[in-house]
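Next come the structures, one after another.
Both complexes below contain chain A, partnered by chain B and then by chain C.
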Partner chain A sequence: MTGALLSVARRDLLLARRRRVEALLPLGFFIIAAGLFPIGVGPEPQTLRVIAPGVVWVCALLAAMLSVTQMFASDHQDGSLEQMLLAPQSLITVVLGKVVAHWLSSGVPLVLMAPVIGVLFDMRAGSIGTLVITLLLGTPILSLMGSVGAALTLGLRSGAALVFLLVLPLTIPALIFGTGAVGAVDSGLSAQAHLSLLGALLIATLLGAPLATAAALRISMD
Partner chain B sequence: MSRVAIGRSGSIRPVAQRPGLTLAAWRAAQPRTPLSASSDPSASVDVATIPGSSGPLAAQGLGCRRGRRLLFSGLDMRLEPGSITWLRGTNGSGKTSLMRILAGLSHAAEGEITWGAQPLRRAGPEAMQQIIYVGHANALKEDLTLAESVAFLGVLGGLDEPLGRARRALDHLGLASRADAPVRTLSQGQRRRGALARLALDDAPRTWILDEPYDALDAASCALLTRMIEGNAARRGAVLLTSHQVVSLAGAREFDLEPWRRA
Partner chain C sequence: MAMNAPAPRTLRFHMFAAPSRFYALSGKLIPWFWVATALFTIAGLYIGFFVAPTDHQQGDSYRIIFIHVPAAWMSMLIYLVMAFWAAWGWMLNARMASMYARALAPTGAMFTFVALWTGALWGKPTWGTWWVWDARLTSEFILLLLYIGYIALTEAIDDVRRAANAGALLALVGAVNIPIIYFSVRWWNTLHQGATISATAAPKMVHTMLTSMLLMTFAFWAYSFAVVFTRARAIVLEQEAETDWVREMLRRPQGK
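Up next is the complex of A and B:
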């Protein structure tokens, strides 16, 4: 099982590396969208520090959705998805492999870029650290939930827009706990409760989302 | 072994036998059985059917609905080990739909697909490993090399040492020199051959479901594919295929969708 998971993940990462520009688009979106806020809101350090966690999280959400819509699109187009559905390997394993590859190629760059955005917003070192931890826990949730949306809207003409509408409301809990953790650290409290809830959310999504994605793929391909 | 010519005219004729018989008369002489051509003794000479066996992949009372249209219903089919079945029907008669249902991709509106004695859906990974479906799409990735693409299909099929197998299979199909070229640089015919290379990944007898496998192939590749199909049948695998092209397959049986059509 792990063998199939790793080979699917390795193949998708290889594909991302061959299409580097496409793979880096969400990161570019993340940087530019977050960079617009200081210009729009004004360069007041106090204001920026307050809105920073929310801005980083919302931009990360949108950037993740931007790339997740393509998770199954090309495999659907060239027939690879049919073969994945027919494979003796369980479809859940294949889905997990694709989610892992998506997180590594688009989630991790967001996590790595977050401290830079934090500095741009004049965040304190402690807050930046917490922000990175919340994104580390939160971006896999986005990839997992996005995979469900991508599978459900497979082959639809306005599928990408539908993924945004379907999945973004579901990510609200992650957004609340993610920004809440940074807010708690800012006001001198412990972020542990928020981080625990975020971790619990990740575990629940990890258990449920691949099943839902596999079922949605079977329905979409019928 | 008798050779049967599958012609563009859409008939299966035992070559050099029944010389005076017209096609219409020959057809009229055939009793209507679920597998119409299986009753032709000359075509099933080398098909060693197991008496009383239910056959590995079989369909009972199959019906397919596309939108509101019922394409066919009550269809019975059995892919015996060692048989080659040529699926016939006009455009839109449901050939691809039937193949997708048999492969396990689509749900049938009615009826059941069985693998041996149990329903295909519950037959598990062993059955899925035995069935290879090659559809219209080639399932190759534009940005991967041909060898990488075919190797990944091998991984999905649960084969060990996929890259070595892929290279040998591509060599078998005359694509050794293109094995390391990205798929997007290949011609349509080369891509089709690459897609068919997965049939040559190993020698195990399997059930092949091939949707227009002869599409875009040149004459030499067509002959090679014919040999591969006959080879799989000789190993007691089963082959179901559609084709609009003139191909000659030893021991092929005809299965016409027409009697089951509803739309």
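Up next is the complex of A and C:
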């Protein structure tokens, strides 16, 4: 099982590396979207510091949804997804491999870029550290939830826009705990409760979402 | 499934599983549901507006709860019923159940919207603001988003079976997530102590108020049955357009 998972993940990462610019587009979106806020809201450091965690998190949500439609799209087009459905390995393994690849290629860059955005928003060092931890726990949730939406909207004309509508309401708990942790640190409290809940959410999503994605792929490819 | 199902000899649970039988029976039932809707609405609104006493704190503006609270109840109930029928249709491959689910969604979304709208109308004179990001309001708003997502997904897929099953999966994922969303939103709301208003402090209710609210709930139930059956009939005709019984029915002059 691990072998199949790793080979699917490695294949997707290799494909992403071949189309480097395309793979980095969500990161570009993330930077631009977050960069627009100080221009729109005004440059007062006090205000920026307050809205920073929310802005970074919401932009991460949107960037993840932007890239998640690509998870199955090209495999669906060239027919290799059908072969994966027929393969003796369980579909859940394939889904997990693809989610891992998506997270490594689009989630991790967001996590790495978050401190830079944090500095632009005049966040304190402690808050930036917490923000990175929450994103590290939260971006896999986005990839997992996004995979359900991507599988449901496979091959639809309006699929890309639909994924936003379907998945974003379901990611609200992650957004709440992620930004809450940074808010707690900002007000001198411990972020542990938020981080524990975010971790619990990650575990629950990790157990449930691949099943839902596999079922959704079978429905879509029926 | 039989194209032209004969009348069943005994009453069975799966009686309405055949679209043709559902179509015939619901056609007879719908007028009665409308009658019930009208009677319950008249009785409920009469008691609500003329019999129930004026609230000594909120004045007469509180009377919108006779529409607001039943609408909010219905909005949550219909989502669960919709998820149930959608799942039933998906697991057992029962087309009629999937059609019920699709027919329920717009009515549920409508009740969610009514609950939000009447809540805003009530909030303005009582709280002095149209909207607060209270836990209940936020959850209800997210529920509306879930309904819209379900409707958008099922409408975007052309293939009937795929639309039904994909919608079922989405409704189930939503139903599993609703408690998580609700509790996280509540926690978020208690942490951000910006709003000092509490929507949870329910004062004791006079009997007549409760009676009116219950009557309005029955009215909304009857309305839901009438509208959902009407919509389900349209869906049946659309999806069964190729079958013999639909063609035969359309050939008849009355179209009945």
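Just so we're on the same page, the second predicted complex is superposed on the first by the 222 of 222 C-alpha atoms of A that agree within 3 Å, B and C clash if a C-alpha of one lies under 4 Å from a C-alpha of the other, contacts with A are read in each partner's own complex, and residues count from 1 in each chain.
Methods note: contacts are C-beta pairs under 8 Å (C-beta built on N, C-alpha and C of every residue); 3 or more make two chains touch, one makes a residue touch a chain.
Predicted model only: the values in this text are computed from it and were never measured.
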item: Which superposed partner A:Ala212 touches (first chain B, second chain C, both, neither); value: second
item: Partner chain(s) touched by A:Thr139 [first = chain B, second = chain C, both, neither]; value: neither
item: Contacts of A:Asp222 with chain B and chain C, given as first, second, both or neither; value: both
item: Touched partner set for A:Arg18, first chain B, second chain C, both or neither; value: first
item: Which of chain B and chain C A:Leu165 touches, first, second, both or neither; value: second
item: Touched partner set for A:Glu82, first chain B, second chain C, both or neither; value: first
item: First (chain B), second (chain C), both or neither touched by A:Ser127; value: neither
item: Chain B/chain C common contact set on chain A; value: 222
item: Chain B residues touching chain A - in the complex, by the definition given at the top; value: 103-107, 125-126, 128-129, 131, 133, 135-144, 148, 152-153, 155-158
item: Residues of chain A touching chain B in the complex; value: 3-4, 7, 11, 14-15, 18-19, 74, 77-80, 82-90, 94, 221-222
item: In the complex, chain C residues that touch chain A; value: 142, 145-146, 148-149, 152-153, 156-157, 161-162, 165-166, 169-170, 172-174, 176-177, 180-181, 184-185, 187-188, 191
item: Contacting residues of chain A [partner chain C, same complex]; value: 148, 152-153, 156-159, 162, 165-166, 168-170, 172-173, 176-177, 180, 183, 197, 201, 204, 208, 212, 215-216, 219-220, 222
